[in-house]
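Naming follows writing order (A, B, C, D and E), and every chain is counted from residue 1.
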Amino acid sequence: MYLAKVIGRVVATTKDMSLSGSKLLIITRLNERLEPQDRTEIAVDTVGAGNGETVIVTSGSASRLAGTLQKSVVDASIVGIVDTVETDGGVRDVRHP
Amino acid sequence: MYLAKVIGRVVATTKDMSLSGSKLLIITRLNERLEPQDRTEIAVDTVGAGNGETVIVTSGSASRLAGTLQKSVVDASIVGIVDTVETDGGVRDVRHP
Amino acid sequence: MYLAKVIGRVVATTKDMSLSGSKLLIITRLNERLEPQDRTEIAVDTVGAGNGETVIVTSGSASRLAGTLQKSVVDASIVGIVDTVETDGGVRDVRHP
Amino acid sequence: MYLAKVIGRVVATTKDMSLSGSKLLIITRLNERLEPQDRTEIAVDTVGAGNGETVIVTSGSASRLAGTLQKSVVDASIVGIVDTVETDGGVRDVRHP
Amino acid sequence: MYLAKVIGRVVATTKDMSLSGSKLLIITRLNERLEPQDRTEIAVDTVGAGNGETVIVTSGSASRLAGTLQKSVVDASIVGIVDTVETDGGVRDVRHP
């Protein structure tokens, strides 16, 4: 999995049926210092993540074990909203900064 | 999944039978500002995407859950045509600019 | 999938039994302008590709859906020999230049 | 698999149920000289790894074969704590330096 | 699959049970000119590869189709020891230089 920040949303009326009802969020990958890593993806939200939140993203077949995505054409899903990130630099409260 | 732009097509008469009838589109990966990321792939279209359109691409085993690709040797498929991309920069209508 | 050029061959007498009889071709990844991307892999040929040919490569579990590779330890296989590559730059006949 | 160092921890109260009870550790990828490779991920610990330890990380569907993670939305798990790393440069005892 | 060179070994007494008895070799990825690509991984040996040898590595679920690794937490395994590498530059005997 990796840390990411929700930075937007994609709307597509023409899409695979299995994506209907899924929130397609644009995320940018973060390192442990929560700095963007210039890598953006689209992930389906399964935990109610909103714009600007720091999240946990899982990829590949794991992404379809989340929520009701088992038959969906998903290869990345948001599976957690981060409260704190703890490293040698200390504990950062990212959910309620 | 990731954002991409359809930039061309590949024709191959000698190919795995499971690719027969599939449109093999050349796509270039985009970031959230819809800028190309110097990474091109071949993806099978499953939603009627055309040249120049901004699309959603899924990879790996997920790509074979789309359309009729279950038994196909596909590892990337186009599963959506993007209408709008919404980020802090505003809403961009990419389908009807 | 991605575009690649066959640039050589690997011979290994000591190998997993499931690779016996498979042609292990060295391929270099190409972009849409057919320029090498400094990324080489080994892929099993399933369509009779020869040295110098432009091919379509599939990766991961998809590669074992090709030919008779279902039980093979393969993670990349050549599943097409490209005739033409069509982009905004025009149509390039790569098979019979 | 790859070598990594545990450099922190993520706490997320809002997360996929299958992650409940899992320690979400932040890891940074190392090369054979144990130098960080500027690539951080989140992996679930399955062997009792602690902060600062050098570990073995496995990715993709393999990560769910570890411990009790079979149904978890995990795509990376820590499956070993490294004692020594042996290369041409000699044997480095990383667990008890 | 990719070409790699065995450059060392990892020992871990605390590890997932499924890794017991497996040789955890450190490999560095090579291009077609057998030049290291600054990418090291850990792979399980299934063909008796030794330090310094040029090998074929397979990744992902394919790696568990090798030897007796079906239930192992492996995501990369060595499935061949290279005898020769043949490119436009000629045939290089890597096993008995």
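As a working rule, a contact is a pair of C-beta atoms (placed from the backbone, for glycine too) under 8 Å apart; a residue touches a chain by one contact, two chains touch by 3 or more.
Only a predicted model underlies this, so the values are computations on that prediction, with no experimental measurement involved.
Between subunit A and subunit E, which partner chains are common?
Intersection of subunit A and subunit E contact lists gives D.
Centre to centre, by mean C-alpha position, how many angstrom separate subunit A and subunit B?
The computed centroid separation for subunit A versus subunit B comes out at 20 Å.
Taking each chain's centre as the mean position of its Cα atoms, how many Å separate subunit B from subunit D?
Taking the average C-alpha coordinate of subunit B and of subunit D, the gap between them is 33 Å.
At least two partner chains per residue is the criterion; list those residues in subunit D.
Only 60-61, 63 qualify.
So that we know how the chains sit together, what is the shape of their touch graph: line, ring, star, complete or other?
ring
List the ring in order: which chains come, beginning at subunit A and going next to subunit D?
A, D, E, C, B
Considering the complex alone, what residue numbers of subunit A touch subunit D?
Subunit A reaches subunit D through residues 1-3, 31-32, 46-48, 56, 58-63, 65-67, 77, 79-88.
For the complex, which residues does subunit D have touching subunit A?
Where subunit D meets subunit A, its residues are 7-16, 18-19, 24, 26, 28, 38, 40-43, 51, 60-61, 63-64, 71-76.
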